[in-house]
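Each structure below appears as structure tokens.
Two complexes, one shared chain (chain A), two partners (chain B, chain C).
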Partner chain A sequence: MANLKATEKKTKSQSMGMHSEVLTGRTQQKFFNPDEGENLYYFGTYDVDFNKRTELDVKEMTAPEANKEIDNLMSQGFGTIVIKNPQGKHSLGVGILNKLNLIFEGSLGYFGMGSCDGPTVRINGRVGWSCAENLMAGKVVIEKNAGSCFGAAIRGGDLICKGSVGARTGIDMKGGTIIVGGDAGAFTGFMMQRGRIIILGDVGINLGDSMYDGTIFIGGKIGSFGSDAVPSDLTDSDQDWLKRKLKVAEIGEKFDVSKMTKIVAGKKLWNYDNLEPHEKKGAI
Partner chain B sequence: MVKKKTKTKFKKEKKIILGGKSKETAREKMIGQHIGYRYDVNLLPDYKKITPFLKKYVEAMGWDDLNWLEDVHMGYEEDRPAVFCRNANGWVTIPKSIKLPDNQQDRDMIARELLVKFQMSPKHPLVDLKKAYLKF
Partner chain C sequence: MCGIAGLIHRGKSSNVGSELQGMLQALKHRGEDSTGYALYGDTDGKNFIMRFKVGENVGEGSSSIMEDVSVYDERKKIVDQYLLELDAKIVKEERVLPYSLRYEISYDKKDLLEFSQKIESIPGVEILSMGKSLEVIKDLGNAKMVCDRYGLDKLVGTHAIGHARMATESGVDIKSAHPFWGYPFSDVSVVHNGQLTNYWNNRRLLENKGMRFMSECDSELIAVYIAQKMREGASLEEGMKASLTGLDGVFTYFVATKDSLGMAKDTMAAKPLVLYESDDLVAMGSEEIAIRSVLPQEIDTYDPYDGEVKVWQI
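Right after this comes the complex of A and B.
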């Protein structure tokens, strides 16, 4: 844990009511430069045009070959790429750190669209395990069903499945939004640390097991709550956000969000190391 | 020799206040420590407060909303307002010259804008790392 110490001095952030403690020993001493330019894209990425469209048939290609070709097309300025015949290949479309409109005409295998940061992707089929694992930013839409570990460890962006998903959806997620139009399997939101999950259908057992933070919204029936997952009140702000997000996801626009169940962390798993001596003392 | 009794005063930790709302829970009282992040991670953005730069960024990326920036909030580091850069894995402190508003929603929008500018900068720490370690 970071070192906590009381302070008498009232600094800028304290006077704004942001905190009343000093956390030390974690800084990397990075300072924002106020004269920074207004760049909209990562330095060194390709300047692509959404109106420049091309098709890529990957039937005879391996996944690394297909991914290199996508990179090559981006370097030529193509902003919309349609992938033909993905045929369930694994690890397609991974590591794209560019703005891009990517369309897969077919289904993907395992780890499709992993570690991406920025693209808008539409998959007109199904996806296997761990789709969009470690997604940083962007939007990934799956028209049919998805396998287990959907959106594992995502840190940002919108991940949408219009069908149903398998077990451990959003496992270890650290940000972003996962939206599922159908049902979800067991251990949905397992060990999630932040971010939001919306399931319009039913969920399996152990929902939000060992979740540290974040929010889960469920439209259907809940198999059972996992350890430290507790129901919470749905606020007006939540409902407004849900309506807007479902519109963005192009699913459940007419869904009655006021009947959804909100689940948050009970936060009893926090600070295990600090709590241990306390509980040990009680036990002795 | 009689030992002089000294009264040890324990200063009670002040409550953590985020967005002007007390967040101290029974659990925090029990363990005597604040639990959680340096801001309310579940605070949803108020889109009425979006800045022109952020509008431009979202439009350029082809998104419908703030996307990953919904998870960005103004926190603090080394006793100064700061925003966490996940790419550099560190807090980026806000210079004193930048005046910050007195509500969290407005501060969050500024944090988002500054973070985008920081991450897209040619001076971002990852640019040098990329030059040094890029393999393919």
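Right after this comes the complex of A and C.
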């Protein structure tokens, strides 16, 4: 069983609230071996040319048909695909494990861009619940608002919403960055384990409830703190990183980051692994 | 799961029957056990429209008990007799289906409690709606099936709310289908998506105050709860705000009256809602595709936040 131990000396990343523990004991960590690189094949990836551009009208297509056609276009080497008339359909653009410029001219329904690894996506509309769930890498930019569970369980990448988002933004996130230009609803950062969330506007109640690790930055008012979410000092490193991130995200470049509130885990809910099953019941 | 949809035209009328049918049909994957419409049509406002049922749809999938049509005829006769005794004159009568009827009634009294109690004292009879504009139509099947069965696609009005139901906590029958009439208030209707966890406590409390429940569907509680608040003098919006703490569980619900439409979302924001708002139209639904059925062009929509209550006037 993996145990958690606080490190004595803090690195720069650790001072920003990241990786403040090391794994000891039995662990599931695996490391990439360059010698075995030739044996690794990422199923569903293609060599694409970003200058090779095409358009796809999905008005009369179902989501599986549209997604298959996107895959087909990538297999032909198209690196820039513009999707016309998405009209709020669910599950568009899911499972793309490729470098790709994908542009949606309209809004998506639920579970848009779920389980992706690598694409750069711009959605010139709104997205419904659970946008970019399980994102591994890449960049997803939403020009308008987003629904609840925005960026649920993402592992990496940048997820940017220029408008406002619903409840449970970044729930269970394990890495990556979520940036929101407007407000966010209740339970933002609920049970997050790693990664960072930036909300320039206000947030609802129970911010960071039961967060295990990671960092949340809030520019506006906070409805209330959730269980084990505590404010922390905003360091110079934090401010530098926030400025760079907002610039790259094309959002809030002139925002005064020095007035943001930083929230981290109080870590009172840690150490479940050290408890016997009957003790866990009491802790919960 | 269930899906809800609603729309309100401000300053004009439209074919709300057809529009709501399109919205609910887009949500049919959220539940096809039953579908219900609460339509606010253009009327002269002189007579009451009473939609009522004298039996259940006992078709495939129904959890109701089969009854002979002659039983329905008997119940209808008693309804007609009671209306005479209540000094209510039937101006127009329509038997849409053997178990479902629509009456236009001339009735002078404003208090519908006595009226409703007398009519519903007949076993097997339930008033689905009573109002000068409201008509509640609900039956088994998806939105298109119910719309076709009752000929709703031509109905012109200002606003409407509807519900596509996946039965989870009560039977597949008309009495458990939404919308629920805000008994005994004229022109009040409710649709709900979610689960209420303090249903029985609230039900017992409200029954002790003289309110009636026709089903064991938790959603009916919202209609009765709001009606009771209004009975105590609260406005629609005040009643809805009180429900955020008075009702426990997860919910997004719509309430409509003769001239307004409101939405409320619980403090956990656990149930979805997408909203489009402009100067002349408000449209909302459990999913954006419902709104897209009436507004296919690119529009700005958003999710209301936790604990939010909004009310719009026609």
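Methods note: the second predicted complex is superposed on the first by the 230 of 284 C-alpha atoms of A that agree within 3 Å, B and C clash if a C-alpha of one lies under 4 Å from a C-alpha of the other, contacts with A are read in each partner's own complex, and residues count from 1 in each chain.
Going forward, contacts are C-beta pairs under 8 Å (C-beta built on N, C-alpha and C of every residue); 3 or more make two chains touch, one makes a residue touch a chain.
The model shown is predicted, which means the values in this text are computed figures rather than measured ones.
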Chain B versus chain C as contact partner of A:138, first or second or both or neither: first
Contact breadth on chain A, by residue count: chain C or chain B: B
Which superposed partner A:128 touches (first chain B, second chain C, both, neither): second
Chain B versus chain C as contact partner of A:259, first or second or both or neither: neither
Which superposed partner A:88 touches (first chain B, second chain C, both, neither): second
Touching partner for A:50 - first (chain B), second (chain C), both, neither: first
Touched partner set for A:166, first chain B, second chain C, both or neither: second
Common interface residues of chain A - those touching chain B in one complex and chain C in the other: none
Partner chain A, residues of chain B touching it in the complex: 11, 13-18, 20, 25, 27, 30-31, 33-39, 41-42, 44, 47, 53, 56-57, 60-65, 67-71, 74-81, 83, 85-86, 88-98, 100, 102, 104, 107, 114, 116-125, 127, 130
Residues of chain C that touch chain A when the two form their complex: 267-270, 272, 274, 287-289, 291-292, 296, 298-303, 305-306
Touch list for chain A against partner chain C, complex: 87-90, 105-107, 109-110, 125-126, 128-129, 144-148, 163-168, 183, 185-187, 204-205
Contacting residues of chain A [partner chain B, same complex]: 1, 4, 6-7, 9, 11-14, 16-24, 26-34, 36-44, 50, 99, 101, 118, 120, 136-139, 155-158, 175-177, 194-195, 213-215, 237-238, 241, 244-245, 248, 264, 267-268, 270-271, 274-275, 278
